[in-house]
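Here's a structure for you.
As written, the chain order gives the labels A, B and C, with residue 1 at the start of each chain.
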Amino acid sequence: MPMTTDSTPYSGKNLPAGSPNPPDRPVPVAGESLGREAWRRLKQNKAAMASLWLLMAITLACLVGPYLLPWGLAEVDWNAFNVPPTLEGDHYLGTDANGRDLLARTLHGGRVSLSVALVATLVSLVIGVLYGAIAGYLGGRTDNLMMRFVDIMYSLPFMFLVILLMVVFGRNILLIYAAIGAVEWLDMARIVRGQTLALKRREFVEAAHALGVSDRAIVMRHMIPNAIGPVIVYVTLTVPKVILLESFLSFLGLGVQEPLTSWGVLISEGSDMMESAPWMLLVPSVFLALTLFCLNFLGDGLRDALDPRTR
Amino acid sequence: MLTYTLKRLLMAIPTLWIVITLSFFLMRIAPGGPFDGERKLPPEIEANLMAAYHLDESLPMQYLRYMGNLLQGDFGPSFKYKDFSVTELIAQGFPVSLELGFWAILLALLIGLPLGVIAAIRRNSAVDYAVMGTALAGIAVPNFVIAPILALVFGVLLAWLPAGGWNGGAWQNMVLPVIALAIQQIAYLARMMRASMIEVLGSHFIRTARAKGLSETKVILHHALRPALLPVLSYLGPAIAGIITGSVVIEQIFGIPGIGRYFVQAALNRDYTLVMGTVVFYGALIVLLNLVVDLLYSALDPQIRYDD
Amino acid sequence: MLLTRRALLGVLTLSSSLVALPGYAQTLDLGVMGELASFDASQVSGGVWESQILMDVYEGLVKKAPDGELLPGMATDWEVSEDGKTYTFTMREDARWSDGEPVTAEDFVFGWKNMLDPANASKYAYMLYPVVNAEAVNTGDKPLEALGVKSLDDGRTFEVTLNSPTPYFMQLLTHYTAYPAPRHTAEEYGDSWVKLDHIATNGAFTPTEWVSQSRITAVRNPEYYEADQVTLDRVNYHTTEDRNAGISRFRAGELDILRDYPSSRYQWLKENLPEATHMAPYLGSYYYVLNHREGRPTADKRVREALNLAARRDVISKQIMAGTFLPSQSFVPKGTDNYDVQTMELGDDMDARMAKARKLLEDAGYGPDNPLTLQLRYNTSDEHKKIAVAMAAMWRPLGVNVEMVNSEATVHYQTIAEGDFDVARAGWIADYNDAENFLTLLKSGVGNNYGAYSNPEYDQLLDEAATTQDAEEREKLLEQAEQLAMDDYALVPLLYYVSRNLVNPELTGWQDNVSDDHPSRWIGFEE
């Protein structure tokens, strides 16, 4: 008795919500109309739009803010250790145990956290989408082998892999990006493969085949664009995951090197002081929580906007 | 079904073998060894240690020795915790993680799924935003912040529950760690349930059911719930594996004797045998859970049998 | 006050729930910072928490009083030969293992051989190297029987022969490397003698339960020769890796003693739990290793002096570490027995020091056109990080670029042992109360001499001290050696460690001391 939707035993596993079901009807090849339609629908979603604006505001603050502040990232104020937030001096959000301005560090930390998230997600996106689309499209033995490899990667404890990568490559921030991305692509590959498998049997792909369009062109022009909806949704899920993973690594002491910092590092430092210096925990936590909130609402909004069946 | 199950289990053997081999060599690439520490050991002592643990042999030789022992079910002694074998450590810690994880998953399902359904029914309303906002708070705060806050508030300030310790698995000692473990899962499950419920509610057969004049409650409970649970189920397989293998954060903060810490500490300590033990154990668990999920999947989704 | 009362309340409820014994039963809940590696002293990994547990369940020839002074233990009496090389111990008549077997000199012979047997690969075997042939036995060059220890008079006398007079030998005997091992159970059970089902111990307590990574329970050993003077009925050692969580558990009354707390919490604890918060000088030195290897900027003495001049130890001690470390300008910590520490002459006027430091760097060829760049390595820890950040900020005004590299202990120590650094964080806690224990770390060719400092004169002074029997003369030689290293700016001495403990004020028998050893044998609750 066949147990799964297709002949291989891989489908249906580990797919996050909203992705595995094949689209009801062939979506026209990614055109402006699809994007415009989605954008129109997204604009109607107030929570998603508010999140989008707030997210942009936070990003902007992290990018520009540090240039406007009186204190730098590594600058020590020898007269102000552990100062609580105040409007009187120029440490508006207080200082840390080393006398460094917390607002400056939080904004700088945001740059690191956001860029870690962005780059790691991009790495996982590129690997995952290509891998999944190729496996799904080629099918048969190749697909079997490729998904076997994904299975093997899944069976390795995630933390073990990440720690090993961090240890082997040192704490170079670029390598942190790559390391996290290199481990995060598995889900993405599965999703894309599932979508591709479903799309492959649709008329328009078969038509393209019959017309003699090359495999490469079919994957690039038909498969990937059509799988884009679930992929975008999954991206908005991956970004928060990566930010939290970075903070967990910081808790283990495997975070970025001083004097660089990140929200994860700041929160982990602050959590030790939550009773005596609560601001050290609160300031970075608020930034992190707001960002994650926004990403999640935006993700939900995008999912709704991109799903052809929902109104 | 039995043949299918057996086939899947057989297929797991090469997978596990590759996982073991990969981990074995990856671990050796990492700089530092199990005996590098605060103090540099005199060379003669280091030589004794290397000889005692066969680390002075060539890497392929060590690999063969390890595989040989493994085939006899011997995971070897831990390099760090010397009074215990790796098997003993996992056998002692896994039931604890399993028990804690079981309650955490149960709690997460009981709270997360209904929240998701409610949010989906009242989509884009104030209720939806309130429910999802609360659930999201669980994802937005790292658990190494939540756990000490729980211990501080309920263990120290209110003094309702123990702030830490395992105490043989007394329920009082379990409440806070279970909550700390469940909070994140509640948020994930609620989100996922909401999304898949919305998708199902928009589909043809639900519209048909509604058109037939069935009450909304009936539509949701009898027709929508089952298919909506499918994606949640796929998520649960690996998620359960993650939860029942413990969490290093929760275990360290609450002083719980689970196995979660081994995944992190063994790698950081270069406790080679313990690392390999956890890898083999985790790999086997994943294979098993994926099989269970697939079997459940076919039970829940009748369509699967018609396809192909 | 409120907290203390609640803490007490918690103690009562917890101990009654754990122990179904009559009301007089006393249980001590002790938070230790890590997991014991083994009850076999030869397999221990070297954490301070391990010596706490082992000293409660085993006893050497001598033991420690609450203030850290030596008291007779398994030996009631001892004599030293005139050349200072032979020690003869008279064994205690009523000393017994927890299974009732007598403790004899044979058990010490067995224990020490166990420690030095190359097959056991003990990490700390070198502590016994002063004993004749110990090193040769440990490297496998000589059979175990060649070791210079003897059991005489049917095990009533234990005789040790040393390579040379070793003034700190009696101090060494309190270390767990010098504990006996139960020969009779080892013969009966083989390697599994150490498992809790078979274990016999000769200390005030004996282990009964071990929940890995969570708790070890030991109960009073009824066979202990002073069992009637031991107040506690049982001790629970709770593995408490997260020190902040440990504070919560202490405040909730689940722990009576917490054997360390983070420096960042000291101020808060002092204000909120003043009676429970203990801090005392500790024989440990926190320093930055300077790399003397050729090609490193720190091989230049002027650079080393400049780095020392710019380091404001008092700021680190008071502002950054909230008083939980003491500023230091010597390598050997203050409080070391029979020793006056030798300090670096750096001056008090900070402006003058900075001016001098700038001049020195300029002389060494560094300036705006050729800035000095240093790699500072430290191992992962909140405290090490704060100190490194402060040091980098103190050196920056000299025009020094500091690149901070943080890695886990395993990688950190391996890297600096290979010499791949300019400045590196290191620390040393005394194994025994003697200046030699520290000064050896700067001897040429010693593994722990990470900076590869090498001064023939220094080496000669230490060698001379090692064979000098006269205590005063030896002290003078050691002091000369330290002064030499300080004049060479061989390293950056930064801080002296302090011991930090949270102790339930209801406990009696606790005394802060420089070795931070607190055998549970002396501790109890007020009746």
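Keep this in mind: contacts are C-beta pairs under 8 Å (C-beta built on N, C-alpha and C of every residue); 3 or more make two chains touch, one makes a residue touch a chain.
In this text, all values refer to a predicted model and were calculated from it rather than measured experimentally.
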| query | Comparing B-C against A-C, which pair counts more contacting C-beta pairs? | reply | B-C
| query | Which chain has the mean of its C-alpha atoms lying nearest to the mean of all protein C-alpha atoms shown? | reply | B
| request: Could you grab the centroid distance between chain A and chain B? Build each centroid from C-alpha atoms only and quote it in angstrom. | output: 21
| task | Can you check how far apart chain A and chain C are, centre to centre, with Cα atoms defining each centre and the answer in Å? | result | 46
| field | Where chain B and chain C are represented by their mean Cα positions, the distance between them in whole Å | value | 38
| Which residues of chain A are in contact with two or more other chains? | 167, 271, 275
| task | Would you give the residues of chain C that are in contact with at least 2 other chains, written as numbers and ranges? | result | 244, 408, 411
| query | Could you say which residues in chain B touch two or more other chains, in rising order? | reply | 31-32, 148, 152, 268
| remark: Within the complex, chain C is touched by chain A residues 74, 76, 78, 81, 97-100, 167, 170-171, 253-254, 257-259, 269, 271-273, 275-276
| chain C residues within the chain A interface of the complex | 244, 262, 264-265, 267-268, 315, 319-320, 380-382, 385-386, 388-390, 392-393, 404-408, 411
| said: Quick check: in the complex, which residue numbers of chain C touch chain B? | reply: 6, 9-10, 14, 17-18, 35-40, 43, 45-46, 118-123, 125-126, 135, 138-140, 194-195, 210-215, 238-242, 244-245, 248-249, 251-252, 254, 408-411, 413-415, 417, 427, 447-448, 450
| remark: In their shared complex, chain C is touched by residues of chain B numbered 31-33, 35-45, 47-49, 51-53, 80-84, 88-89, 92-93, 148, 151-152, 155-156, 159, 162-167, 251-258, 261, 268-270
| chain B contact footprint on chain A (complex, rising order) | 1-7, 9, 12-21, 45, 47, 148, 151-152, 154-160, 163-164, 167-168, 240, 244, 247-248, 251-252, 264, 267-268, 271, 274-275, 281, 285, 288-289, 292-293, 296-297, 300, 303-304, 307, 309-311
